[in-house]
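I have a structure I would like to understand better, so I am pasting it below and will then ask my questions one at a time.
Per-chain numbering from 1; labels A, B, C and D assigned in written order.
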Amino acid sequence: MTELLVKNAYVIDPLRGINAETMDIAILDGKIVEEVSDAAEVIDARGMLTLPGGVDSHTHICGTKVNFGRYMSPEDMRAGRTPRQGPLHATSGYSVPTTYGNSYRYSVMGYTTLLEGAMAPLEARHTHEEFIYTPLQDTMANTLFDGNWAIMEAIRDGDVKRVAAIIGWTLRAVKGFAIKLTNPGGTEAWQWGKNVSCIRDPVPYFEVTPAEIIRSIVEANELLGLPHSVHLHCNNLGTPGNYSCTLGSLGLIPDLNKKRQTLYATHVQFHAYGGSDWKDFCSKSEPIARFVDMRPQIVMDMGQVMFGRTTTMTADGPMEFNLYRLHHEKWSNHDVELETGSGIIPVIYRRKNLVNSIMWAIGLELALLTKSPWQCLLTTDNPNGAPFVKYPEIIGLLMSKKYRDAEFATIHPDTEARVPLPAIERELDWYEIAVMTRAGQAKALGIQDLGKGHLGPGADADVAIYPLKIGEVDPSVDYQKVIDAFSRTEYTIKRGTVVARRGECLVDGSNATFWVRPKVSEAYDMGKDPDFIEKFDRYYTVRMRNYPVQEEYLNRNRCIETEARI
Amino acid sequence: MIVKDAVCPFCGCLCDDIEVEVEDDRVVAVTNACELGTTKFMGEKRMKNPILRDGDRWRDITYDEAVQYAADMLLSAERPLLYGWSGTHGEAQCVGVHMAELVRGVIDNTSSVCHGPSILAIQEVGHPGCTLGVVKNRADLVIYWGSNPIDAHPRHLSRYTRYAEGFFLENAFRDRKVIVVDIRKTETANIADEFVRIKPGGDYAVLSALRAIVQGKTDTIPRTVAGVTREQLVRVANLCKNAKFGAVYFGLGLTMTRGKYKNIRNAIELVSELSRHTKFTISAMRGHYNVYGSNEVNTWMTGYPFGIDYSRGIAFYNPGETTAVDILARKECDAALIVGSDPAAHFPRKCLEHLADIPVVQLDPYPNATTAFCNVQIPVAVTGIDAEGTAYRMDGVPIRTRKVLSTDYLSDREVLSRMCALMQEALER
Amino acid sequence: MTFLMITGRTVNQGVTVENKTSAEYAAETSTCFMHEFDMLELGLDDGDTIRVTGPCGEVVMRASASVEVETGTVFVPYGPYANHIVAAGTRSTGMPDFKSHEVEIEPTDEEPKTVHELMEDLGGLAYDR
Amino acid sequence: MKVTLAMKPAARSFIPIEAESIVPKNFLDGTDLLVWRGNRELRLDEVFSVSVEGDADRAEDVEVVLSGETSRLKRVGEYMDGGRITILGNIGMHCGNFMSGGTIEVHGNADGWLGREMAGGTIVCRGDAADYCASGYRGGRKGMTGGTVEVFGRAGDFLAESIAGGTVTVHGNAGDMAGAEMRGGTLVVHGDCRRPGANMKEGSCYVYGTAQGMLPTFRKIGTVQHEGHTLIRFAGDIANRGKGNLFVKDYEYLD
């Protein structure tokens, strides 16, 4: 039995409606409890800002595509190298660090739960292997269904229950957490070197449209009773004028779930572009934010771009090829049979580049224009918009108009005419930041009931204590103090253990992996469906029996059983 | 007992449809595997227990003694080399990386002498690739360049290309064209629709010429390039541009010849160029069943796929300097741990001369050429036969190998974990 | 006569690779595949022994006619025999020139050594149990 | 100030020593520096007999002289920005990496990666330079971007790979792939070399001898006079849509 008592914490805990109260947090065997004995170890938080451990609801940290980003980038690895020290392993890398590098740096910033944004089912085992070596965060994986042959056939046949059954079988097999659609239909078209232009453009051969894929899978998601909603990377990422496609996609979504959104639209910054080409490229953050304000069924994340070097990586293969043709840097692509694909290229976002400057502004605008912080979460689509180590700077920008103006003065001068940012006065407060970085993320992922994103009794004892007294800091002026505090916790507590202290990690932990197992009726068990089995055997190159990820790959196994309505 | 869907631990194809018949803890029959895989499953003559070289003779020792010997050896070295890794499971490779970090040594895997140059090329220009099933279901043009699957990857042709059924091909054998490019008229060349014979050392020039022709700059190209006529080059370029889905599979014919990684870079740039016209992919014919896994594991743990030097605590990567052949030939290590490979059979003699001068410990199920240079050899279970664990197929698909029979041998992971624990204890003291 | 020596994988090398102490492995990896015309010129019959001298020494192999190789080149399966004469330089890439060595070939009366003998020549100790 | 470092004979002489601390400006604060042999950290005076004559206030006034068996001494002069290093014998890999100013003179041969990613200053090598002289790093980074490297002997393969600025001159022959991936700068080879300018984008490559294995993707433009040589001018590498200039005295295709 291990007991820990955090005294004098200045707590913001949005999921419990707590906004800045001094209180003690009692921890017993990794869980938050009402009280502990006098024997408990005590940490005096001395009135410092104390939040639930950070949750990143969309990041790329583990798996085939991330590792290929590392593999092809020895120049990136030269930055950020640290030696083995005590229980800590060596790390390398800046935009695509090693697993330990990711884990330690996230931990120092107070993050304790991460969702890998894209896992190809056929290569799921790889993602899970890397999770094991991401020791200081609990992990879960979005599973890609954007170009799944069996699903597209079921959609063509109008059989949503079969769609749900295939998803259910696959999630269970690959130990996935949620459904990810990346450029739905586009990744299949890309296996012919083609793409789909928007949601009404049919996928070659399968003759279903992205709109049909999105709608059917959203319905299937609710049939399966999954904790998270469908997680959508819209078609047409990164192209001028794509905002109308984005609005069209969001407009497809009914409100089907009382507890959470029905659709999570990811890295919307990359989907909020106006203009007809790069010459008249401009921000369309306003129509997107207004649209989302009116629809509680939508949650989005920012996908903020920050200036500097990074590596872009996404399941959106055709988009990466277009980027390659623009930059002519190195380009990798990896198509996955019957399922999806991915692409990777390194990029540098430059202040002196007009398009990059506009992109930078759009992400901030989305966060500032969307009324409810629960509907626009803080991400960079790590590492696509920027490596996650930039989050503290983004927090600073959102909390300080002064900081935004100072930065704005350094970017391309024509930006002003293309974006609404300079006119936005809003400065987010501490509570809103807490929503956007943990509470809102946990709610959107549907894991608050599993003890994530809050500090209520029964919750996992994941706590971030920042070296900052919020009464003594005016974030709109002292933004540098805000940035420094969010860069290094005073304490990061994971499952009741202090894992990081003042910028240094202390222990080699062990992660827990969350995954879902929808219970379906016998008739919808794809493992026994002759047609599914036959096609699997004929067209995959892996035997069906060798496809599922064994439980050996889960360090700590957090299986979520759901009651499916099929 | 018959074990179905076993995974073949021989080549990078990692075929997972093998049936293995086991009687009395012995493999008695193997179905579906090629000759290479069958022989491996049926392998006998394992080393029975750990051995120690004692002057001019070999002495049996216990596992504890052997593990202690290895730990002491690694801890006292100023620059130990931990080499091999392609013939074992990923879980053991992970322990290997931890050990290299701990003792501040150099860890390298067999890719430095197979597709290391391909990795160097990918690091310069990237890699447009795909899983094997994408090619099987779609490709109407397959090019084997400097690779000879009939000898090295016997089922590649039947499972994924020439003889494979494909979803989008009505009659795969008829509708799929195969081009072979090589300096030898190999058996694979005999089943090709078009054979391009290149003069030795001429791959780079031919690839450059094809890139220019694909761009429409045929005029500049001389009448013959490395023994290939301009007419044939134009024909090949047109076959590529007119394909719906083209796939290049290249082998050591490109990585081992003069120019090394520049050959691969050129091939990748040709494929990137063709991607402007149609769908094209390129992939390496990885040799050992889990050599790709050793790259994957090294990459997520150290940041680099092979040739990692932890001497200074942080990871340093520079193939040509931090790779096994260079280090051994230049005598720049003072101890070696060999796991899952046989450098004495596959390295130039100068490397072996240094192996003879330094302490060497090897983990391997069989006596092999490297045994002769060992101070200690520790026999282990064979991954895919009496040990299970993760392996990565040549296209990056991870598959868990199965255990088809039980023996008393420890797995590589178990032996290495013990070694690592001993070293950790010693360092803490 | 001077030849370009290429080394590479063969099925037989692969089949015997896990049993390196076997006579089959030694036989396969000490085979030098040559063009018929080159063998005629050197007065060689299939199975005759030859001395192959490379940048790093010499080794005895057996000649075998092959339709796959061109005149002026020879092919030797990967293994200890070829590596006995291959130079260790990698041109700073990590990869030796396994496929681009010039070698000198002449007939000889000597027999190829065993793998054990080759290893012992370099300071190893054969294990034979 | 003159700092003399005479390498002591070492028992384990084959393990390379990394000595990036040997840079003129570091000696302004004394000789209490560290080097590494494999994974062991050693004091400078454990490896060298150290003597200092005179004093200096700025790096420009410091000369470091290295003698003895220094062929396995790596990273000497890394990030050097002023002053002078003289190596009486051979020098190990990575000498003068990232150098931005000052002078390094090697009287013997230099091992691989001499002047890698160099940005300024001067390196003179009286003997041969091994592979990757004035090149970039793995991953296709830029090679040399400024400064001068002059090699009086031969150079190995991948000479000036990815060079983007500055000048490299080799008086002897160079190896394979000289000036591969050039994107700027000037490379001059007085002797022969193989496959010069492969995949070049920009920059100028001069070969006063024969270009062996000349690549088929260079377009012949005509002849020019250059420093007393009559050279054939090519544009390329057209495979890479390159706008580089390749000048050769003579060439042979692998046809």
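In this text, a contact is a pair of C-beta atoms (placed from the backbone, for glycine too) under 8 Å apart; a residue touches a chain by one contact, two chains touch by 3 or more.
On a predicted model such as this, the values are computed, not experimentally measured, just so you know.
Enquirer: If you tally the C-beta contacts for A-B and for B-D, which one comes out higher?
Expert: Per the contact counts, A-B leads.
Enquirer: From the mean C-alpha coordinate of chain C to that of chain D, what's the distance rounded to whole Å?
Expert: 37
Enquirer: Can you work out the whole-Å distance between the CA centroids of chain B and chain D?
Expert: 33
Enquirer: Centroid of chain A to centroid of chain C, CA atoms only: how many Å?
Expert: Centres of chain A and chain C (C-alpha means) sit 56 Å apart.
Enquirer: Would you give the residues of chain A that are in contact with at least 2 other chains, written as numbers and ranges?
Expert: 72-74, 330
Enquirer: Please output the residue numbers of chain C that touch at least 2 other chains, ranges allowed.
Expert: 91-92
Enquirer: For chain D, write out the residues touching at least two other chains, lowest number first.
Expert: Answer for chain D, listing residues that touch two or more other chains: 112-113, 131-132, 137-140, 176.
Enquirer: Think of each chain as a node with edges to the chains it touches; is that a line, ring, star, complete or other?
Expert: Per interface graph, the chains form some other shape.
Enquirer: Can you work out from the touch definition every pair of chains that touches here?
Expert: Those chain pairs which touch are A-B, A-D, B-C, B-D, C-D.
Enquirer: Considering only the defined contacts, which chain C positions touch chain B in the complex?
Expert: Residue list for chain C touching chain B: 4, 6-11, 14-21, 29, 56-57, 67-70, 73, 75, 78-80, 83-100, 115-116, 119-120, 122-129.
Enquirer: Give every residue of chain A touching chain D within the complex, in rising order.
Expert: 72-76, 78, 330
Enquirer: Going by the contact rule at the top, pick out the chain B residues touching chain D in the complex.
Expert: Those in contact with chain D are residues 77-79, 103-105, 120, 123-125, 199, 201-202, 204-205, 207-209, 211-212, 215, 217, 220-227, 258-259, 262, 265-266, 269, 310-312, 317-321, 330-334.
Enquirer: Please output the residues of chain A touching chain B within their complex, sorted ascending.
Expert: Residue list for chain A touching chain B: 62, 64, 67-68, 70-74, 77, 81-84, 89-93, 97-101, 122-123, 125-126, 129-130, 133, 191-193, 205, 321, 324-325, 330-338, 341, 344-345, 538-543, 545-546, 550, 552.
Enquirer: Under the definition above, what is the set of chain D residues touching chain C in their complex?
Expert: Its residues touching chain C are 112-113, 130-132, 156-158, 175-176.
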